[in-house]
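For reference, the structure is listed below as structure tokens.
Should a chain be cited, it is by its letter among A, B, C and D, assigned in written order, with residues numbered from 1 in that chain.
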Amino acid sequence: MTSTAASFTTKELMATFISHQVRDGERVAVGAGLHVPRAGILLAHMLRCPNVRLYLAMTFTNLIKEPKMEPFYTTYDIRPTKWAEAYVFHEDFQEKPRFISDTFVVGGLQIDKFGNSNLIGVGKDFKHLTFRGPGAVGTTSMAHYVDRYYLFVQSHDKRIFVDKCDFISTVGWGQGGADSRKKLGIPGGGPVYCITPLCVMDFEEKSKHMRLYSVHPGVTVQQVVENTGFELIIPSNVPETPAPTDEELRTLRERIDLEGMLRK
Amino acid sequence: MISERKSLVIDESTAGGMIRDGMTIAIGGFINSSHPMVLVRQIIQRGIKNLTVVGAASGGPDLDLLIAAGCIKKLVTTYMGAEHFCPITPFFRTAAQRGELEIFECDEGMFYCALRAAAQGLPSTPWKAGLGTSFPEVNPEIKVYSDPITGEPVLAIPAIVPDLAIIYAAHSDAYGNVQHIGTGFGDRAMWRAAKRTIAQVERVIPNEEVRKNPLATSLYGVDAVLRAPYGAHPFAGPGYYIEDGIHIREFIAAGNAYAKNNDRRPFEEYLQKYILSPKTHEDYLEVVGIRRLVSLHEH
Amino acid sequence: MTSTAASFTTKELMATFISHQVRDGERVAVGAGLHVPRAGILLAHMLRCPNVRLYLAMTFTNLIKEPKMEPFYTTYDIRPTKWAEAYVFHEDFQEKPRFISDTFVVGGLQIDKFGNSNLIGVGKDFKHLTFRGPGAVGTTSMAHYVDRYYLFVQSHDKRIFVDKCDFISTVGWGQGGADSRKKLGIPGGGPVYCITPLCVMDFEEKSKHMRLYSVHPGVTVQQVVENTGFELIIPSNVPETPAPTDEELRTLRERIDLEGMLRK
Amino acid sequence: MISERKSLVIDESTAGGMIRDGMTIAIGGFINSSHPMVLVRQIIQRGIKNLTVVGAASGGPDLDLLIAAGCIKKLVTTYMGAEHFCPITPFFRTAAQRGELEIFECDEGMFYCALRAAAQGLPSTPWKAGLGTSFPEVNPEIKVYSDPITGEPVLAIPAIVPDLAIIYAAHSDAYGNVQHIGTGFGDRAMWRAAKRTIAQVERVIPNEEVRKNPLATSLYGVDAVLRAPYGAHPFAGPGYYIEDGIHIREFIAAGNAYAKNNDRRPFEEYLQKYILSPKTHEDYLEVVGIRRLVSLHEH
């Protein structure tokens, strides 16, 4: 069976876009719970990046010899340790965040126009939030130290994309400006892209204000604008997010996403 | 003239008796794995209150259960969810939204800073990540200051010293040499930070077994050992059983009834059935049933 | 063969004295290079303290089942790892010094009247020392954190026992006084005894000035005074350091010090 | 389309080429064990100068050799001896007394603070031990300050970031998964602190062997691997050979001739014989001789 590029899901498209962000030889943390970034990172590994060091369920491994991925969905599951080349004690992450990952994927209850994001909660008063979030997990520290990171959300609406986050758990480009991270005294390359089910956004070079980068097939610029709670920079020409190649789709479906989580 | 080495193995009730109102307790494991549930149930059965609980770096429904039972005054946590079972645990969310729970808000980096400071006998340790975020605002215990050498801004994360760490592991010998199967998550950091540690284990193994692989000894010296087969249930016991998804969903559903409809009855039923009625861990296992327990294999 | 209490060496006497400082159930670091304290700690373990956790060549072990100790003289030797119950990564010591040892033995090029000690060097100018020492190893940190520690030297003369150390690598009782450690902001019980080939000294309760505690058999108070470079507190009654019992001597000779390092 | 994993195994000369004048180099091991001597000899053979050397927490004659050969400008150390072979190494003692060597004086606690700060990307980390001592006086890089939370006095130990760590271990696979035999001393701390790491190993083992015991992987990812059997000689290679006491005493005797009589000739002879004349590690092993090498067994 061969897949044709004409038929793919938005999740497969997003996974493929994410796969192109991985560089060979890097350390890459694979968040078990997020199917799309997980599939994207594994796709990069299988097709272009045989030397990435995958951080997975608190182990390091390399999976290029795995013909098909058995499913794993959780951080704590012991079953993926069967692939381990090394065990990581969880507290070691704090000894050297860059030994866990060179890049990272960060989600958010809220994301603002400078790519700051919020996993703490929504509301004006921390002691009486209208919606209490799960917490930052390790995103604050990882996003601080990594070479660059990616924002990823599973829906695109005005509750998520807000002018100003109620709370910031992960700094993107702070108050804006290319030197905004430097002014805060923090290293790292900050967020590069924000990937949503409608589009990909990047950050304008000088202001670091979020900008539309590409729209997914079938999505209009207008749709993105209407579902974003801040003024997005819209270039004169907005391309379509590149479709997966046949090989990418085939690899996703036949080696990585056997259970079809991205096809639902 | 030589006396023998003294066994550190204690029973469930003695172990439970080491936990007191108002203590700071660190609870090992990670999300849906490796929580010392016999001791967690002891806390509830004994009606222990006003605990400061240092949950695992990423917490889970074990902590939600303690919140539901009213044992926790203050929670140190970076994440309160159950991954695919539940994105945010319901009792935590409700208590936090109502302002009923003190929260030491932090991320995993800051979390280990606080434990490391405790282990090192330091008042605080520095961390860079968090500058420019809301953490120093929502957690006033965290201070921004200037590094004394370079002058650059840094966060000071205060030491959190658990009076007691309760840790689940696969094995220990009778002398408190503990060996995990799998990575052991952040359990070592809790053990180092705490004044005392109880290890709750699946099996007490001979000292000779420990000596066969000294590199596997994860905690070299705990203060007490509690043997409890299936003792992490309903969570995973790495190397022995996976988590009991049916049971965890039952608890989460009870929580959602409370969070969404303010209906505590399903939780009260859960509490009665699994925690208050069973007098011992063996009673609990009987309620769960051996068929369920043996179905939780890993392959 | 049974030894008689009448015949023992000064090293055996010192080792026996040290053995009585160990408490059962403690963690105790065994410095491989110092034969006398090592033998003393092992003697305590074999006779009175079956539950001490011995830190030895970067492992933890318990040796009560060892009928006879094989010799080991160095910190780095892999051979003692055959006894290990746990491996310690050396940097873990800095994570929690008290998980290495509850008590410690500290030597010194110089020791002053308040039990401060110096392993850095002798001279007025750090950049041009008259005698450069080996360095503090881990003594600064261990002596800071442990419950209590012991000073031990292999000779007793005025070059070692000085009024004021040229440099302090390990704080004893600072500038003197029972609250001297508290004033410096440091925890721990400080030095309890100073054990030398001539005598044992302790610290007077209020001033924390060094005081003669006992003299070894055959040594006079005068001898101690003449070989000490500061004014020592001399109580009206100075007992003799207690001799090893037959059982202690036999255990030392037949189970611990098979090579006779303490008999040379 | 899948390319194979890339081997990180390099040869002696390529490895030596990674070390440059003026770098900060961390050298693994402990006293008379586990120093990457092929790379240490490369430093001398290449005439590399002005190094800042972070010796093992407790240093040894490996560093004394580099001092003797004039490679070190500044030394980070807590102890410079060779245990039963020599209480204080002679070239260190002489250079220090003459003020010819910059010394970052510290104890082991402070030493790991400096490495941890480097790994954590922090300007400094705090430490309590050392208050009331001469360390802040003899090492002005260490500052006393007040903890930002409690106000109590603390020492700030500055980060020391090695440009390169050179580590000796028993094994690595071709992809830089390193496994030590024994504890690995403080090698993990050096690897975490350094920008890059070369592991010099007795054997390159198959990846499948590494996967049999992932808990034994001590350094999960180094940048280059140099295979060199007997590569720690004259020091111990844990699991393979003990230290060569005869050889170490020969070096110490040469050092003592210099320290006591200002006579450098015995050292120059040592240098010529063991380091400058042999062009490769194999040449060196021939000079030492196979009989000596195989005599260094552990039992």
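Note that in this section a residue touches a chain if its C-beta (ideal position, glycine included) is under 8 Å from a C-beta of that chain, and two chains touch if they have at least 3 such contacts.
Everything numeric here is computed off the predicted structure, so don't read it as measured data.
**Q** Show me the overlap between the contact partners of chain B and those of chain C.
**A** Touches both chain B and chain C: D.
**Q** Please report how many Å separate the Cα centroid of chain C from that of chain D, as a whole number.
**A** 29
**Q** Roughly how far is chain A from chain C, centre to centre by C-alpha average, rounded to an integer in Å?
**A** Computed value for the inter-centroid distance: 57 Å.
**Q** Averaging only over C-alpha atoms, locate the centres of chain B and chain D and give their separation in whole Å.
**A** 39
**Q** What parts of chain D, by residue number, touch at least two of the other chains?
**A** 116, 120-121, 127-128, 152, 215
**Q** Going by the touch rule set out above, which residues of chain C reach two or more other chains?
**A** 59, 81, 87-88, 94, 97, 145, 187
**Q** Which pairs of chains touch each other?
**A** Result of the pairwise touch check is A-B, A-D, B-C, B-D, C-D.
**Q** Can you check the complex and tell me which residues of chain D touch chain A?
**A** 1-6, 116, 119-121, 173, 175, 177, 192, 207, 210-211, 214-215, 217, 220-221
**Q** Which of the residues in chain C end up touching chain B in this complex?
**A** Residues of chain C touching chain B: 25, 27, 46-47, 50-51, 53, 59-60, 62, 64, 81, 83-88, 94-99, 145, 187, 247.
**Q** Sort out for me which residues of chain B touch chain A in the complex.
**A** Residue positions touching the partner: 29-34, 57-59, 77-81, 83-84, 87-88, 92-93, 96-99, 105-113, 115-116, 127-135, 137-138, 152-153, 181-186, 188-189, 236, 238-239, 242, 298.
**Q** What does chain C use to touch chain D in their complex?
**A** 32-33, 58-59, 73-79, 81, 87-91, 93-94, 97, 118, 120-121, 126-141, 143-145, 167-171, 174, 181, 184-187
**Q** Inside the complex, what are the residues of chain B that reach chain D?
**A** Answer in residue numbers: 120-128, 141, 143, 145, 147-150, 152, 154, 156, 158, 215-216.
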